[in-house]
Structure formats: structure tokens, C-alpha cells
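I'd like to ask some things about the structure below.
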Amino acid sequence: MSLSTVQESITKESPKAAENIVFDTRDLNLWYGETHALKNINLAIKERDITAIIGPSGCGKSTYLKTLNRMVEMIPTVRTSGDIKYNGKSILNKGFKVEDLRTRVGMVFQKPNPFPKSVYENVAYGPKIHGIRNKKILDEIVEKSLRDAFIWEEVKDRLKENAYGLSGGQQQRLCIARTLAIEPDVILMDEPTSALDPISTLKVEELVQDLKQDYSIIIVTHNMQQAARISDRTAFFLNGEVVEFDDTETLFSNPTDQRTEDYITGRFG
Amino acid sequence: MTTNSESNQNTVPVREMIEEKKKSRNLSSVTEKLVPTILFLFAMISILTTIGIIWTLFSETVEFFKRVSMTEFFTGTELNPLSQNPDFGILPLLNGTIMSSVIAMLVAGPIGIMAAIYLSEYASDRVRRVLKPMLEVLAGVPTIVYGFFAFTFVTPIIRSIWPEVGATNILSPGIVMGIMIIPMIASLSEDAMSSVPNSIREGAFALGATRLESTFKVVIPAALSGIIASFILGISRAIGETMIVTIASGSSKNFTFDLTQSMQTMTAYIVEVAGGEAPAGSTIYFSLYAVAMTLFVFTLIMNLLARYVSRKFREEY
Amino acid sequence: MKYLDLKQVQKRLNTRIVKNNILQYIFLLATIFGLIVLAILIFRVFTQGIGFINLDFLTGRLSTDANRAGIMGAILGTFWLMVVVIPITLIIGIGTALYLELYQKNGRIQSFIQTNISNLAGVPSIVYGILGLTIFVRALDFGNIVLAGGLTLSLLVLPIVIVASQEAIRAVPQHLNEASYGMGATKWQTIRRIILPAALPGMLTGSILALSRAIGETAPLTVIGIPALIIPFPEGIFDKFTALPMQIYYWTLDSSLVDEYANLAAATIIVLLLLLFILNSVAILIRNKFQQRY
Amino acid sequence: GSEEDTENESSGNTSADNNEEQESESSSDESSEPENEELEGSVVIDGSGTVYPLMSVLAEEYMLNVQQGVSVEVSRSGTSAGFEKFLVENGTDFNDASRLIKEEEKAKAEELGIDVKELKLALDGLTIVINPENTYATELTEQQVIDIFLGEYTTWSDINPDWPNEEIQTYGPNENHGTYEFFYENILEEQDLVESANLQQNYSTLVTLVAEDPNAIGFFGFGYYDNNKDKVRAVKIDFGEGPVEPSLDTIAEDGPYANFTRPVFTYLNTVMAKEKPQVLDYAIWVMENVNDFAGEAGFAPIPEEEAEQLANDLKELK
Amino acid sequence: MVRENFEDKLQVLKQQVLIMSEMAKVSLSQSLLALEQQDQTQAQSVFDQDNKINQIEDDINDQAIWLIAKEQPVAKDLRRLVMTLKVTNDIERIGDLAVNIAKSVLRINNEELPVEKQQVLTTASVVEQMIDLVTEAYVEEDLEKAFEIARIDDQVDRQYGDSIQKMLTYMTQHPSHISPITQLAFISRYLERAADHTTNIAEAIIYLVKGKHVDLNN
Amino acid sequence: MSLSTVQESITKESPKAAENIVFDTRDLNLWYGETHALKNINLAIKERDITAIIGPSGCGKSTYLKTLNRMVEMIPTVRTSGDIKYNGKSILNKGFKVEDLRTRVGMVFQKPNPFPKSVYENVAYGPKIHGIRNKKILDEIVEKSLRDAFIWEEVKDRLKENAYGLSGGQQQRLCIARTLAIEPDVILMDEPTSALDPISTLKVEELVQDLKQDYSIIIVTHNMQQAARISDRTAFFLNGEVVEFDDTETLFSNPTDQRTEDYITGRFG
Amino acid sequence: MVRENFEDKLQVLKQQVLIMSEMAKVSLSQSLLALEQQDQTQAQSVFDQDNKINQIEDDINDQAIWLIAKEQPVAKDLRRLVMTLKVTNDIERIGDLAVNIAKSVLRINNEELPVEKQQVLTTASVVEQMIDLVTEAYVEEDLEKAFEIARIDDQVDRQYGDSIQKMLTYMTQHPSHISPITQLAFISRYLERAADHTTNIAEAIIYLVKGKHVDLNN
């Protein structure tokens, strides 16, 4: 390795050519009945970034995430104000079709939740409901998605078996593959590893970092080291507010807000 | 903290007290031994009940078959137990039973499952909390009331629409039985569907599925065993139902597939024969047991089948 | 490489959403169908029978004369049946449930008894009637007295009470037992102090529902043989009796003999339904009041 | 005489006003009786559904106004079924019957050592009924009736070409009932009923069936017709002397409707009667008062002397 | 309050660092006293002290590493522990330099030191002050004082340059004194290095507080 | 602080005066039916020590813990061989009364499991079943136990309220108080913080360290840092075997066995 | 295999340490080449290199600390990262020493160096070998080589003592050469220090592998 290449590798990676904002949240407020769960959220989430959301229990992390694909609407008492723009379009008005949004914005949940079907059917489910019927194309999609989710090798011989026969970590990667199968732009992940053992957790983390090449990823996590390990930018939520949103390294090394520092160093409460 | 532990140190000699009380524990050890025995005896009562049922039915049925051949009983299409030359073919009864059950299931099956889908998938919590108990009230209405309703209300309505229908017929009790079974199927299917974890539904929604798609492609397949089991139990219930058919379907022992006709089910036959105080010793008397045995075996098979299905196809989430 | 054509997806989306919306209403209709029938039934019964309900009817003796007939005898008959059914089913039902859930949790015996119980739950009530007739009325020679009917009904609803009690016990989280054992409690101490208090509301709810079932049962009583005319009030469990559903049955049958009997049947149905309604309300009340969150 | 008339009237329009009168009359009857001893225990009666309305009215009256301590239970499984229950050890006390006891039944009774006493209660006219819409077949000859039930005619037009070409639907009580047996033995002379006959266990069902089927023709006891005059129409039968409508007046062993008239009975187990005073007392009371209630229940009374004779026979059992 | 335990342990660690720096300062003072008095036994005691310093360094490092392992610190907590590793290294070096000075004193023995000895001792007292100052800065996490160190260090560097120059000149003129003066030159150099090490510590303090690297050494 | 005291404080804490062995496990084997869950376990657990048990899921940690108070017997298929001595007495033979053992050896579970009773009744449960009826004594026991579990201040005004009204962390401390109320010698804890948020976790950890004064504590944990933070000695289980049992610091800094190193550094599997 | 990412990052870090040590060695070689050829421009280039070395040190340290923060390493992983912090410190010092040598070369300028220059250059090549050896030891985590370093260091120390002695003697005899020879003495001292730093690195390697502190420096 010549000296000059070293020098280059040392200087920080240059910023991406186009720093597109994929989700632009402006003055978002959200109430569950009387509970004011999100307060004046302003967050601009960049494309092809891994954005982590951390914060204590009940601070509104999951709520925010579920607002991004409007899953939060499944709770009937929810009201919102403010605006979220997905690639420039407001998604919060009723005219915007949620099913459409959700094909663009995939979601992976805390507990692995494969369908009680075969591995193959799990992955093919999304394409099928969106109208792909051709068996050959489906086969291709399934294989590609499973490969992209780093799980192809482990399941290729058991595609017809029930997904519940897989281990927890494999199930979670299967769920990620299922999401990849509909080729979303954004993948939301709500504590995707909190139900997994440490080994599976690491595998999923590596997968997430790999997916960054092609997807924008927003991940909620209780595990600060995880946020530190895998994300580019981190938002710290507290009581429904965004306290700090910065490059992960800055936030974890040198946070601006004392509350952030207290939280990440475990001095909270 | 230290002050606490100091100040409280040994104020209450819990350990010594416990050690002391231990000596007086013998009484409780007697209880410990006695209780399981008593409870076991209680548990035996249900076994005795089964033995009682089977023994009763079986011994008298054996007596019946000494008088009437099995072939006649199971293949005879004539049932005239009281005539001078009595016939003891059970087929008319089986026919009535099956007809009424099929009609009932044609009503209860689709409506029940649709109601289950609505309650489990579409209704908000509040709506479900109101609707489900109301629906269950339907199941709590005594069957005699349904019988009264079928005979005095549903039949006349059917006849005004379809005059061919007899004043006693199998259609009306079949339909009312179906209505009675709706809540059973709705409730059991709804339970099966509700026990499909929400996370799986969310998984489907997150892929852009509509509610209908998540229901038919994910929830129902996952809950299928429970739904099938609910159908089988519904059939079993229809087969065993007595009062509605007794009142509304008359007592003609017709062997026909004509819905408009009066037919008799196995259960109604039992009521008829038992009448007030069934006369012991006659062939008719024994036929009652033979029919009851057949009924029992039928429902037993259904129940075992339902259990098997819900076991065999149960998904682990 | 993109497999999903976004335009196609968009196009299909509209039909998918419309389908969903239409079917939603069909499902709602199906749900309400049962309720509509229920409403008609109740409306009909009420319009037919409400005019006949008065104090004399409620407290009067049975009579062949529709104008004089009262249902106190039937009410008392039902009451005495319950006097037999309640203690028997509660004690045996809860006892069996405790045995199955806590003393014989696994193994052949448990699964044998369990299968047996779930099959019993599916045996048609008329078969219980035959059992009652053969065993209690004839073999034990009780005759068609309250006790015979009560025992028959008890056996009939016992599986329901057992299963409900089992569910109530199972709903008590295992970790509570572990906590209790972990402190050196004996099994019976744990049952008495932890499991029973926590499970009792559930057990009672289940038992009340089973009771409503017993109150409404007609078929077994028709087999046991209830006289069509019995005027004296039953004064205990060794008397002959008639019960509310039996009275409805006879009056429905005899409506061709005397037209007003149909109305009396409707009036009796109202009384029976009210009784069941009260019982169910109590059950729901208990359930809501004592529902535990663990 | 006069008492009887009142009863007959009241049977036509059962009204609450009459009840008190009736009760006071009955109690006067009672006071004329020498015996005042308080009885208790039960009297168990089963048997004919045809007789049931009469027997239940009698039983109620007895319990209410004669012996409050006695419980008379009346069931109605049918004559034959009732006999099977009657002719066993510790069987029922009475068995109502809409036909005479059969030889086999008598033999069984002897075998069991049961001394059976036949008590004729009243007279019933077997009434042939048709749907009220049926305005043509309102009068039939005895033979036509027989042929109809034997299946000789399939359509109404077979009987009379002017009548509609509709299939005749025949209805009747099933074999459990004495009414069926009377019809089968005495009228059809033991020829089998037409295959398609719709035979029902319950009279209410039967009434409804005939009331709702325009082509129906059925038969049952006069009492059931009497209570459903608005629903079914009685056929006037021509026994060779012109059409006769069944009524309490025409139904008599020697009346114009005699061919279709049959006596109804109750059979008393005299062994029981000797053991249980209330049974005997009830039997005697019934025979002394039955004619007062027969009309109310849709039966024609038996001759007074016959009733007295039976009552006296019973008194001798004491 | 949460993480009391961790805070306590960090406090204990800080105390030990202070003790260690006190020990290094004592070593240095002893070596300089030995120089001033040209006292051999005084010099000897410095060697003994050095072992203790090395041992306490290892202990502190072990504790810091153990705390990192078990408390998963981030941000300032982590910097504080990493800084502790660096700071002990510098303090240990100051202790080493005291040993080097003591060795040189032994080599000079009783030979005369006609020039610059005073100057060197003056510089030495400045270095001692620096150690005190940096210790204060460390305790108080005071950036002002840390930057002050850098300024003083520049001064020490200048004095060192002057001294060397003067010694070289003197040696050229008095070749007989070459050996002891060379030793004195080395001592001078050692003091300059000690000052550098205090500056390193000051850098570490700035890094701790600011989370950024500064280079005070030029 | 003088130099000499420092020197002392630096050298490792001197071993305790009396190093009593409270649980001595010898060649313990345990089977669940056919599953050989514990294999030749030999562990000597010291009095007034915090002993941590770590290892991957399914390695037998909970099983071992539950063997120590014979809770494992609640599973009917269990068979054991070998011996466990509690203060010198063999506890595995049938003659030993489990109820006795369990009053000496308390247990705290993974999920907080208060009884659905009042706070007071929860703590008083143990003393009551062991025959203490006197209200005044019970009051004293309840207060002392709650104080020792650091929760008195938080609940003293709501002793009569249902325990399920407390937060998860409070519930867990209540469960610890409940165990303290019968004054056991040993407290077994099976992942006592795994259901708690980070703040509650720290509180419970501090409580555990405090309890060490008076109790011997054996704690199973998935969280290696937790084991490192609070325990004196750590046992590493793998596939039902004890791979390594050593001072916590040694085990986490310089494990002897490569499998231990792989596990603690997350290189497992 | 698990923790690939972490392993990768550790590997990257190791590579950078190797690059850094290569740079330090290059600096040292250049400074010695300057000495050998008494070439001023050669000396100048060492100064430029030093900045780069400082920068890469800061980067490596930041990365190591960041890895500690986010990967929660324990046992060997943690020691490896902590060691990296120590090792870069030593390498940086070697770079600094090269700068010091270069400065001395500038001070010597064109003046004649009649004695010991060869000897110093020989020592220098030994030190360069030590750097290579310790780099190998670091890559292979080889204890043998680490202990070998300690042995070579003793040799260097001895040579250094001899050289100083000879130079002092020579200076006494040729006072006119005092200034350049004093510089040469300093250079000699710098080389000895550089050897010490390689020994420190060797100690760190031993600590990494064994988890125990050893002192190779006496």
C-alpha cells in the first residue's frame, strides 16, 4: 500500500454525490387520544443512509417510525398535525394511499413475524399481492431477495418448509428478505434485533450495513452500541421530542446536548 | 441504607419464627396428601359419566339388535315402530338429521365466517366489544325458544314466499338451527383468527396489502385449522340439536330430499319415543337406545375429528 | 433490476382497495344478520307475550285454563333444579379442573380425562336425557323428581364448568406459582392463596354461563318425563316438578288445543330470557370487575 | 240436567266469569259428599293424548277444589305407550285410552297381577277435517272417507270430477295414539293406511298441517276440532242417512254420528287403588263428575246411569 | 442517582492518578535535589521510587481497561478512561526521566559544574510547577490551565536551547569539563522532555473536555 | 491519602476471613427426558459472593439455577444424578423437604412476577405461609424488606394498592423485597433485569451489589457486561457443561479457555 | 462468521499501524541518510513526514476509541485496541526522534564528524532492524520476536554507552569538535530512545497476547 493511498483512506469518506432527503418531517405532532406522543418533530432523513433513532422507552421512537408508513393509523385514536414529505410528496393527507406508501417503505418489526407459510411463500407474498403471478419471475425474486438478505445459503434447500422452523435470527432475516422482495426505497426497522440472541443480532447488523448500498434505512434501537455500530446518523428522542440529530460518531463521542450525553452514558433518570 | 439495616437488625427474628412454625407443619402435610385424592375422585366423575353413557346405550342397543337385525336397522328406509308390522330402518332419521344439519351449515357457515372476519379483522375494538357479546347472546337463547320461533314465525314466512313448503318441514328448523349456530362458528373462528398474532398482520400491511388480502392470504390460512374445527363442531351441534326440529319439523319419518317436507331427526325421534315416560321393555323402547347410540357415535366422531383437525394443523407462531 | 412495475402496481391498487371496501360491508352485514334475527325474535316474543305477564301469571299455579294459568310452579321447578346443579357442578367442576391443571398436568391420565371431557361437552343433550332416564329415574328409582333432573343437567353442564375453570386456572400465569413455590409454599398453600383467588372470577363466569345453559335445556327433561299437568309447587329436590322450558314446550305443543297457550308460551319465554339476561349480566359484571392484568 | 246444560254452554265460550260459578257448584258437590277426610300423595296418570284435555281439567278441578293435598300428575304419551308404562311393576295409576284395552294388554296385566278396571269417561266423535279453503268436500260419505284413507283416490277429482285435480293429502295422528288405532281397527277395519299419510305425534302439528294445506284431509278427536274451528273445517259425514255434522249433540253411542263415535276410557290399576286411598278417591270423584266437564273438553257425556254405576263399582273397592 | 458505582470507580481512578503524579513529582524533586547537592544517596532513592511508579501505572491501567470492559463507556466517560491510559504513560515517563537525571548526577559525581547548574535548577523548578499546574488542570478539567502549560512549555524550550548553547560554548572553552557538562546537557534535555510530557497531559485534558485533538507541542 | 494506603488499596482485596462454600455441586447431571441438560457440573459457590452464570441460550443456566432450589422438579420428566450440598447437606435426595430448602434459598425471576395482590400482601405472603400471623410483626417485616430492597420510599404511600400498578423496575424490586421477607441465605436470580429498561436495570444491579453484604447471590444473565459489572465470580456454561469458573475479572480479561474467549468477545457460533 | 465487521475494522486498524510504523521507519532512515551524507535537504524532508505521522496517529487513535465505544470489546479485543493506542504513541515518538536527529544533523551542518559516526550509523541500522522486527512481531503476535527485541535493545544500550564514552574522550581531546560531536551524542541518545520505544511496543505485544505486564526495559 503506497503512502498516498493510505492518506486517502484516512481522510473521511467524501460526502455522497447527491444528498437527497427521502423523508422530510416538518413540525410533526401526534396524539394518542390525549397523550401527546410526538412534539414538533423536524427531521430530514437522507437517502442511502442508515439513520438510527434512540431514546428511552416511551419517548416516541416506534410511533415516529410507524408514522412514516402510516401504520400508526391502525390505532383509531391517533391524530396528527404537521407534515411528512416522502420524496417531496406529503404522505399524511388522506388522499395518499397507504398501500402505495407501504410498497415503497418497507418495515421490519421487533419480533420476527414471518407468515405461517413456507419460506418461499413468505417472500413471494408481497410480489403476489402486487400482481406478479409468473412463477419464473417469482422464483427469481425469491432467490434474489433471500440472497440479498444473506440467508439464501441457509434456506435454499428448505424453501418449501414452514418459516417457523427457522431460528429466530433466520426468521428475522427472512422478514427482511420479504421486505426486499417488494423493492422498497426505504426500510423501517423497529428494534429488529431485540428479540434475537447476540450472534443473530450481529448477523442482522451486518446485513443492515450491507443493505445501505441500495436502501435508505431507518432503525429504532434500544441498544446504543448498536446505533453506534451501524448507523450513519442518529436521532435522540426524549419525551416525544428530538433532542439531537447528528452524525452518529459525533453524537456518541461528543454530543451537544447534556441530555444526550446523560442518556448515552447511562446517567439518565 | 446502613442505618436502616442496623436499626432493623434482628428486631424481627423472622428466621427463628419460621423455624419454630415448621414443627407445626404436620397437619398441612396431611392436607397435601389428601387433596389430590379428593380431587382425583372428582375428576373420575366425568369418566363415570362417559362410562354411564356408553354402558347405558350399549347394553340396551345390544338388546335392540337381538330383536331387529343390524341390516334392517342401518339399511331400512322405513320406520314405523308402532305399526302392527313395525319397520325399524334408521335411514329416514339419518336423512332428516343430515338434511337439517346441511341446511343449518349452509346458513351458519358462510355467515359465521364472514361475521368472524368482520369481528376479527375489520371491527374496531369498541365495535367488537359491543357486537361480539351481542352475537353470543344468540347462542345463549334456549333452543326451545328457537323452536317456538321457527314454528310460529319462520315457517309461516317461508310458506308465504314458497307455498309448496309444508307447515312442518325441514327447511325452517334447518335455517333457525343455522342461525343458532352462527355465533358458535363466528366465535370459534374469530378466536382462531384473533389468535393469529397481530405482528403477522402488520407484516402483511407493511408490504402494502389491503385488509382483505391480509385476511384471506395470511390470517385465514393461518387460522384454518381453528376455522375447520369450528365448522365441524357446528355440524356436531346441529346433529345433536333436539328441540327446534322436534317442534318445527314434525314427526313424519320421510325418506326424502325434499326440503319442503316434514322429516324426523334422530333427536326428535328420541323425544317422540321417550314421550312422557318411555315404556320399558318393548322394541320401540330399545330402538330409542339404538338411535341414541347412533347419534352418540356420530357426534363423537365429529368431536374427535374437530380435535384432530385443530391439533394437526395448528400453526406455531 | 426492478421486478415490480410501479405503474402496474398503482393501477391494480385501485381495484384492490375497492374490493376491500365492498367486502367490508358484506362482512358487516353478515355480522348484523344474526343480531337482526335476534331482534325480530325478541320483538315477536315480546309483542306476543308481554300482555300476559302480570303478577298472577308469575305467581299463579299451572292450569289448563289459559286465563288462570301461572308459572310459579315452573319457576320453582327451575329454582330447585339450580339448587341441585350449582353446588354439584361448582364443586366437581372446579375440583376436576384443579386436578387436571395442577396435579396431573401431563401424562396419559390427564390427556385421557381431558379428551373424555371435551367429548362429553359435545354429546347431545338428549343423550344426557337418556342417561338420566336410565340411571337416575329408573336404575336408582328416583322417579322424575327434581333431583333426577338436576343430576342429569349437572352432568350435562359439568364439562363446560370444568373447561371454563381450567381456562381460568391456566390464565393464572405460571410465574405466579413459581414465585409462590420459590418462597417455600406448599402446593395446597399455593392453590388456596394464589391460584384460586386469581382464577375464581373466571371460574364463576364460566359457571354462570353453564348455569344459563342448564336453565334453558329442554331435551333431557322431555326424556326424563315431566308431566304435562302438575299443579302443586315443588317444595324441595325430592318433589316432582316442571320447569320453565318444559312449560314453554307443552304450551307450544298445545297451542292447537287452546290458542292462548301460544301466548302463554311467549310470556314464559320472556321470563326465561329475562332470567338468562340477568345471569349473563352478572357473569359479565364479574368478569369485568375482577379481570386481572398480570 | 240443568247443571249439565250450564257446563255445555261454558264449553263453547270458556270465560272467566263462569269459572267461579263452576267452582262454587263443584264445591257444593263436594259438600254433598260424605267423605271429608284430608288425603295426600300423588295420582299418576298417563296415556291418551285425546283424553288428556278431559283428564287434565278433571285433575285440576280435583286438586283445586276437592283435595288440595293430592297431586294429580297427568302426562300423555299416547294410549299404547301409556299402557306399556301402566302395565309394569309400580306403573302408573291410571292409563287414559282412546280405545279399548287389547287382549295382549289384558294378558300382560294378568301376568303382572294387576287388576285393571275399565272406566268409560266420555264419548269422542272422530272428526274428519279439511282445510277451510276447501269448499267442495264439505260433505263425504263414510265410504268415501274410508277410500280416501286407503288411498283409493289420489286426487279430489277422482271423487268428484267437479272437484279440483289436486292430490289429496292425508293426515292423522301416528301409531302412538288410540285415535289412530280406533280409526285403523274400527273404521278401516284393519286395512293399512295409504302410504303417503302424514302421521304426526303432536295434535298441534296436525292441526297446523291441515290448517295450512288446502288439499288436506285429516282425522282426530272432536276436541281438537272444537278448539280450532277457525282453522279447520269439519266434514259432514253421510252414514246413509244424510250428512251429519259432528257436535256434542250428534256424538253419542246411539246418535246420528254413532259410526264415528267411540268411547274414551281410563283404566285404573285397582291394586294401586287399594294401596293408595287418593287414587281410589280420585277415581270415584272422576266418575261422579265427569259428565260435568266432558263438554268443556270437547267430549259428549256418557249416560248418567253408566257413570253412576261405575262410581258405585269403585266405591265397593274401598 | 444512577451509575453511582461507575462514578465512584472513576473517582477512585482519578485519586490514584493524582497519587501517581505526586510520586513522579517527588522523584523528580529528589533527583534535582541530588543534582543541587550533588548527593549520591539522594540519587539512589529515586531508583527505588521508580519501581513503585511503574507498579501503580500498571494497576491504574488495568483498572481503566477493566472499567472499559465492564461499563461500556461512551463519549466523555470513555475519553476519560482512555486519557487515563495516556496520562499515566506520561507520568511514568516523567518518573523515568527523574531516574535518568539521577543517573547523570551519579555520573557527574563530585565533578565541578561551573556553568548553568543554577539555570538548569531554575528550569527544573519551572517543570515542577508545570507538574503541579497540570495536576490541578486535571483535577478541575480546566482548559485555561491546560493552555497555560503549553505557554510555559515554550518558555522551557527556549531556556533549554539557551542552556545547551551556553554549555557547548563553555565546553569548547573548557575541554576538561566536557564530561560533567555533557551530563548536565543531558539533564537539561531530560527536563525539557519532562515539560513536554506535562504538555502531553495538558493535551489529553483538552481532548477529554473538547473531544478534539490539539497539538500543543510546537 | 497516604502512599501506603494507596498501595494497599491497589493490591487485590484480601480474601474473606471465612470462605465458606454455600452450594457445593459435585458431578451433577440432569436430564429432561432424553435431553442431557447438565453434564458433570462441579461448582463450589462461596458465601456472600455474587456468582454470575453466563452462557449462550439453552446452555443450562436456568436449569442449574432451578436445581439449586429444586424448582426444576416441577417438570415431571427431570432426572438427576450427582450431588448438591447446601451448607454441607445433600439437597437432592427425596428426604430433603423442598419447602425448607426454598425458604432458605430465595428466587427472583426473569419477568417481575408480583402476586395480583397489594404491595403489602406481596411482601407479607412469605412470612404468612410460614405461619407468622401477628400483624405488628408482619408490618415490621414488610417495611424492613421494602427498605432493604431500596423501594420503601417509592411505595410506602401505596402499600394497599395492587402491585401491578408499579413500573416494571419497581415490580422487580418488590419481588426482591418479597424474597428478602423470609430472610433467605441465598438468592437465586434468573436474568432479573432482562425485562427491564436500562435505568431500572442499573437500579436493580446496584441493589444486588448492596445485598451482597448479607446474602449469597447467584445470578444468571445474558448480559455479559452485567456479569462483569456486578459479580465476584463467573461461571461460563456451554452445552450443559461448565467451561470455565473463575474470578470475574480474570474470566473477562484473560479467560483460560478459547471457547470462553470466543463467547465473551462475541465470536461464537 | 460472526463479528466480521469488527474483525475487518481491527484489520484495517492494524494495516494503518503498519503504515504508520513504515512511515516512522522511513523518517528515521531519511534522517540517518541525512547524517550519513550530511545532506541538509534530506533532513528537511523528515520534518514534512512528521506531520503526516502525527495525523495518522490521531486518526488511528480516534478509530480505536470509536471501536471501543461501539463494539464493547472485552479480553483480547479490548487489549488489542488499548495496545493500539500505546503502540501508536511509541511509533509517533520514533517519528519525533527522527525529527530530532534531523535537527541535530542540521546543527552539525557540514562540520566534520571524525569519530563514531560510523558506529552511530551501525547502531542506527540495528534500530531499523528492530523496527522491522517489532513490526513483524506485531503482525504475527509473536512472543519470541518480542523477547528478541528486548535482547537487541540491551545490545543497543551497550553500544550507546560505548559511543558516548568514546565521544566524550574524543571531545576532551579535540575541543574544536565539541559542538558537532555533542550533536552526535544526542543523536546517539535519540537512537537509544527509539530502540526503547520498539521495546515498549514489544512489551505491548506481550501484554496483548498474555494479558500480563512485563517490563523489558531494564
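Note that the chains take the letters A, B, C, D, E, F and G in the order they are written out, and that residue 1 is the start of every chain.
The definition used in the following text is that a contact is a pair of C-beta atoms (placed from the backbone, for glycine too) under 8 Å apart; a residue touches a chain by one contact, two chains touch by 3 or more.
Chain labels with UniProt names: A, F = Phosphate transport system ATP-binding protein; B = Phosphate transport system permease protein; C = Phosphate transport system permease protein PstA; E, G = Phosphate-specific transport system accessory protein PhoU.
All values reported here derive from a predicted model rather than from experimental measurement.
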Determine the set of chains touching subunit B that also touch subunit C.
A, D, F
If each hop has to land on a touching chain, what is the smallest number of hops from subunit A to subunit C?
1
Using the touch rule from the top, point out the two chains with the most contacting C-beta pairs.
B-C
Can you name the chain that lies farthest from subunit E, using the mean of each chain's Cα atoms as its centre?
D
I'd like to verify one number: the distance from the centre of subunit B to the centre of subunit G, where each centre is the average of its C-alpha atoms, in whole angstrom.
88
Cα centroid separation, subunit A vs subunit E, in Å, comes to 51
Per the C-alpha means, the centres of subunit C and subunit F lie apart by a whole-Å value of 48
State, to the nearest whole Å, the distance from the C-alpha centre of subunit C to the C-alpha centre of subunit G.
91
Sequence positions of subunit F contacting 2 or more other chains
100, 103, 130, 182, 199, 202, 225, 228, 252-253, 266, 268-269
So which stretches of subunit E touch two or more other chains?
2-3, 65, 69, 72-75, 79
Multi-partner residues of subunit D (at least 2 other chains)
75-76, 202, 205, 208
The chain pairs that touch are A-B, A-C, A-E, A-F, A-G, B-C, B-D, B-F, C-D, C-F, E-F, E-G, F-G
Which stretch or stretches of subunit E touch subunit F in the complex?
2-5, 12, 15-16, 19, 23, 52, 55-56, 59, 65-66, 69-72
Show which residues of subunit F lie in contact with subunit B when the two form their complex.
100, 103, 127, 130-132, 137, 140-141, 143-144, 147-148, 150, 181-183, 210, 213-214
Touching subunit A in the complex, subunit E uses residues 1-3, 6, 72-77, 79, 210-212
Under the definition above, what is the set of subunit B residues touching subunit F in their complex?
1, 4-5, 8, 11-12, 14-15, 17-18, 21-22, 24
Interfacial residue positions of subunit G with respect to subunit E in the complex
54, 58, 61-62, 65, 68-69, 72-75, 78-79, 82, 85-86, 89, 164, 168, 171-173, 175-176, 178-179, 182, 185-186, 189, 213, 215
